[in-house]
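Two complexes, one shared chain (chain A), two partners (chain B, chain C).
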Partner chain A sequence: MIQQLLGFLSYYIPEVMLVVLMTSLLVAEASVKDEHGNRDKIYAYALGFLGLTLIPLFQNSGKAPVHVFFNAVTIDQFSTLVKIIMVIGTMGSILLSRTSKDIYTNLKSEFVILAVGVLIGGMLLASANNMLTMYLGIEILSILSYVMATLKRDESTSAEAGLKYILYGGLTAGIALFGMSHIYGALGSIQFVDVVDKVGSLQGIQLYIVMASFVLFFAGLGYKISAFPFHMWSPDVYQGAPIPVTTFFSIVPKLAGIAALIRVSMVFFTNNTILMNSWVGLILVVAAMTMTVGNVTAIGQNSVKRMLAFSSIGHVGLMILGVAVLNEAGIRAIIFYGIVYMFMTFCAFYITSYLNDQYGTDNYDVFRGLIYKNPLMALIMVGTLLSLAGIPPFSGFVAKFNIFNIVIEKKYYGIAIVAAINSVISLYYYVRLAKVIIFGKADSNEEVVGFTRFNQTVILALFVPVVLLGIFWDKVFTLAGSAAIFIK
Partner chain B sequence: MVSLSSYLIISMILFVTGITVMIGRKSLVAILLGVELVMNAAALNFVAYSRYMTDNLDGHVFSLFIIVIAAAEAAVGLAIVIRFFQIKETIHVDEATQLRN
Partner chain C sequence: MNGILNWILWMPIIGMVAVLLVPKAKENVIRFVTLASTTITLILSIVLYMNFDNSTADMQFVVKIPWIESFHINYYLGLDGITMLMTFLNALLFFICTLSSWTVEKNLKAYFALLLMLQSTVFGVFFSLDFFLFYVYWEVMLIPMFFLIGIWGGENREYAAVKFFLYTFFGSIFMLVGIVALYYATGKGPDSFSILAHQGGKFVNETVSIFGNEISFEKLFFWFMFLGFAIKVPVFPFHTWLPHAHVQAPTAVSVILAGVLLKMGTYGFLRIAFPIFPAAAVEYSTLIAVLGLISVIYGAFCAMAQDDVKKLIAYSSVSHMGFVMLGISAMTTQGVSGAVLQMFNHGTSTAMMFLLIGIIYERSHHRWIVKPDGSLGYGGLSTKLPKFTTVFIIGMFASMGLPGLSGFISEALIFLGIYQRFTTITVIAVVGLLLGAAYLLWMFKRMFFGPVNPECEEYEDMNAREIFYMIPLCICVIVFGIFPSPLLNVMKASVGQLVDLLAKF
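This part shows the complex of A and B:
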């Protein structure tokens, strides 16, 4: 028994390391005096430790997929790859929380502790293999996120963001849980391994119970990835929360939610045609609405954070199209999209963050004439915006192209047209910001203090993948190609 | 003899009550109470299904976890409500209107 558990633990080293990191950070937070040098050490320690967890993760990605802890958790290539992306996303957000003044001035290392906690929840969610671990993952992710949204304690916007987050979150988590309980009743097991067989032979009343319950269940995951109609919290929370937190929210919880959505879709909806058709229909409608609502509402925004929030809703709409096709090509496209979207988000939010520190607002106006103040950063921002819109030389184009490719292969022409129209709409508001950057007249020629040499190097390093992935995308694609879901 | 359907009816009533409270009431504390009601409805379902429909204990374990998580969520929720109250001096949900289009 003990030996078996230890054997399981050998697959679970990254998560254990993160728990150790979180606890040690709590101790350090309580015991180390807050002098400037000390705080830097804590940040460096956290970043180094997170970097170390990548080693066992890469080792896991080479192993054969298994279910560990009595089928509660699965370690397969897909979940490991998602975890690697999430760890890198967390590291980037932590670095931003150190260099941006948004929360660094009045906090010690709470951001790091909470971010690592959310990461643990995300990892659990990405490799959840029964309903209990999936629910635990969602809740660990959510409860810590609520606290993160409120990190700027003294500002009413931040408190309001946290409030809206927890009210929507509690509602949707409750609804999803209610759906889960009926799925358990109809199928008689919470283990995905057992469920796979039972789904195939579902009939009559049980089938309808499961169908209805899955609509409820979708609320929980749809809320995490901010899909229509559960997207209402997203712009408010993004705008109210401090920028490093916003950056973090648009990467880690979203990826974890999409990973869980993929696994649920593959487990429950590949064996039963009636269930599959209704689920695909639901996802296609949700995807179309999510894209349209996100992109259309983004047009009228004046806050860059809010605009990026709506644009991220639009991107999620595209990403879940990869779920709707229910095959490995879809998973590959989603993972590639996730990687690319992470780097684009980083570039956009890093630059917005330093401008926000300087001028105290994130209106379009602070970008006015950025090209005269700092040409390099201005060009990177324009490149990122074009990549977000999906203009060819950049990686955003390849990511979007992959999604279109798989959708058209499955002959979902209607949704492909909707997605194409949405790309055009999104181009409008991205180019509008790019126009402000290049053709706007700056009020003054002052230097932006936040663009120190170190920060510029970081931003440049984050921008390199945005360009390179657009050219050498096949390398990453082969990596993502091995990301198979292990069901049984 | 208490049957499965009576449990399901009770949990359905709890669920609908919880949702109604969340939508209808304007006090933040009442809304958090609504969340608890919905979660308890789900927990009751799990236990009932576990007793009548299956031969395993998954549902019982699940309901224990739900109780723990509901407590954690209520703690964080109340902390945020207190912070909101300290800043705005009200717990009326209609006062949370700073962030909007």
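This part shows the complex of A and C:
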């Protein structure tokens, strides 16, 4: 028994390491004197440790998939890749928070500790192999996220964000749990390994029960990834939270949610044609609505952070098309999209965060004439915006191209056209910002101060993948293509 | 010789990098580096013409390197007769634009870097034989254009730049859907992104189902491609971006826009939409001809109504590109040859017109034929600026289609071609020629004849640099007006192949 558990643990080293990291960070935070130098040491320690967890993760990558902990958790190539992206995403957000006034100057190391905690939840969610683990993952992820949303303690918007988040989260988690209990009632098992067989033999009324309860279950995940109609919280939360938190939110929990959504979709809907068809129909409508609502609402925004929040809803709409096709190509497209989107988000928020700290607001006006104040910053921001809009040669185009690919391969031309029109809408508001940056006349011509060599290096390092993955994407794409989901 | 396309394609990028490395203050170095780059490209394209084999319709100087192997995407370049003309035109116009941009003051370094980037992407569109590569170049081209219009344009430049960007992107995103659909329709094989491999009407019998309705694959995606290219041409009713972009763009960018970028649209029809979906093209050719006809007449009437001389030429472009659409919708050898020739000749004559307007604008700082208050903006220029007037007359008559100058040959060929298919349309289209003569001559009368406007007293005539860069265009316009066979021979085989293909459907 003990040996068996230790055997399981050997697959679970990254998560264990993260738990150790989180605990040690807590202890260090409580015991080390809060001086400037020490804070940097804690940051360096956390980043280094997160980097170390990549080693066992890369070791797991390519291994034969297994179920561990008595089928509660699965370690397959898909979950491993998602975890790698999430760890890199967390590292990036921590790096970003190092330059943020809200996080680094006004707080101690709370952000780092919470981020690592959310990461643990996300990892659990990505490799959850029964409904209980999945629920556990969602809750770990959510509860820590609520705290993160309120990190700007003195501001009422941050408090509002946290409250909104917690109310929405609590409600949808409850609905999801309700749905799960029905699924358990109908199928008699919470293990995905059993569910996948039982779904195939469902008949008559049972089908409707499972479908209806799955829709309830979807509420829990749909809320995490802010899919329509569970997206209302995200702009307020994104705007209220400090920018590193926003960055973190639009990468780690979202990716974990989508990963879980793919897994349950593959489990529940590949073995039963009737269920599959109704699910695909539902998810296509959800995707179309998510895209359209996100993009159309983003047009009218004056705060860049809020615009990016709405645009991230639009991107989620595209990503869940990868769920709708229910095949390997869809998974590959999502993984690739995730990688690309992560780097684009870093670049966009890094600059927004910097300007926000500098001028105290993230309105479009702050960006006016940025090209004259800081050409490097401006060019990278414009490149990122074009990439987000899906203009080649930037990687955002390749990500979008892959989504078009999988959708058209399945011959869903209708949704392809919706996605095409949405691309044009999204281009409008991205270009609107690019226009302000390049063509605008700044009120003053003074340079943006303090964008140090360190910052320049970081932003360049983050921007390089945005360009390179748009031109030489074969390797990464093949890696994403290896992400298979192991069900049984 | 095989790598020459690579050199032509990447020479502007090499120039761009060189420009970026020069310190900002050394403006003359930047100018000469750009000039060197465009000169080398022009020489290379002449070398290319020398080595071009007229007898075959096959792609020449082919370069094929695997790029994205999981999708069988290749870096696949090639050149046929139609492309050859466009390549030469592109190289020539950018060379001239470098000279005409000599006086740009604002942020010279970025301007020339973007101009060179634009040249490379235009070459890329014409050379690409891989759909993915084609699309990438088609879209990347928008980025330098967006900045060139938006930064160096006129008063309303931001609006024009955004409108141009959005409009073109709207068309091309539908093209992307079509490209991906073609990829899957041909079974994801090694040639699935090759433009040539799709040609020949392979999709005539395929159907797609949209919301339960069975629709012909060919017809549906013909329209997707049509949208992408028609916006670029622009064909009525997709032309509304063009006047804004043209009027706001700086002179050199207007020249490039009218000279080569619009041709990318008609080139798309000739290379992609027609050969890949021939049955749909033949079926809808009447509709295309009617749209072309509307462009001709409507463009001409709009041009006649303009008080802004640049806007007038912009609308005349709509009208002239309508002739190109008429020519290709004829689907006969004369018609398509005429269309391709018109693509080249419109490139040179409109470039002349825009350059001349740029020259006079540098002196007067306005472009009004009739000012908003009703008084004439110019007047009597012919007595004050004899050299300018001479060149202007050549450009204007070429644009009008006067026999002996280049515009005449191509328009005559188009009419010859289209008369065999659409008699009524031909008769109406001839009115377009008449209208063309009317608006150009009327403009000429108001600007060049009559009493000398006091404001024009101080204007200087064209200087040596301006004369120097107008000369190649004048030569093109006159020589190819009398002796068009060098151009016609080059494209003969390629045009013949396309016409033969369309005749089967």
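By our rule, the second predicted complex is superposed on the first by the 487 of 488 C-alpha atoms of A that agree within 3 Å, B and C clash if a C-alpha of one lies under 4 Å from a C-alpha of the other, contacts with A are read in each partner's own complex, and residues count from 1 in each chain.
Following the convention adopted for this analysis, a residue touches a chain if its C-beta (ideal position, glycine included) is under 8 Å from a C-beta of that chain, and two chains touch if they have at least 3 such contacts.
Not measured: the values here are computed from a predicted model.
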Tell me which partner A:139 touches in the superposition: chain B (first), chain C (second), both or neither. first
Of chain B and chain C, the partner touching more residues of chain A is B
In the overlay, answer first, second, both or neither for which of chain B and chain C A:300 touches. first
Counting only touches as set out at the top, which of chain B and chain C does A:401 meet: first, second, both, neither? second
Between chain B and chain C, whom does A:318 touch in the aligned arrangement: first, second, both, or neither? neither
Taking the superposition as given, does A:370 touch the first partner, chain B, the second, chain C, both, or neither? neither
Contact-wise, after the overlay, does A:416 reach chain B, chain C, both or neither (first, second, both, neither)? second
Report for A:185: first if it touches chain B alone, second if chain C alone, otherwise both or neither. first
Both partners, chain B and chain C, contact chain A at residues none
For a test of understanding, state which residues of chain C touch chain A in their complex under the given definition. 67-70, 135-136, 139-140, 142-143, 146-147, 150-151, 157-158, 161-162, 165-166, 169-170, 173-174, 176-177, 180-181, 183-184, 208-211, 220
Chain A - residues contacting chain B, complex: 131-132, 135-136, 139, 142-143, 146-147, 150, 153-154, 156-157, 159-164, 166-167, 170-171, 173-175, 177-178, 180-182, 184-185, 188-191, 235-236, 239-240, 297, 300-301
Chain B to chain A touching residues, read off their complex: 11, 15, 18-19, 22, 28, 31-32, 34-35, 38-39, 41-43, 45-46, 48-49, 53-54, 56, 58-59, 61-62, 65-66, 69, 72-73, 76-77, 79-81, 83-84, 87-88, 93, 96, 98-101
In the complex, go through chain A and note every residue touching chain C. 386, 391-393, 397, 401, 404-405, 408-409, 411, 413-414, 416-417, 420-421, 423-424, 427-428, 431-432, 435, 438-439, 473-474, 477-478, 481
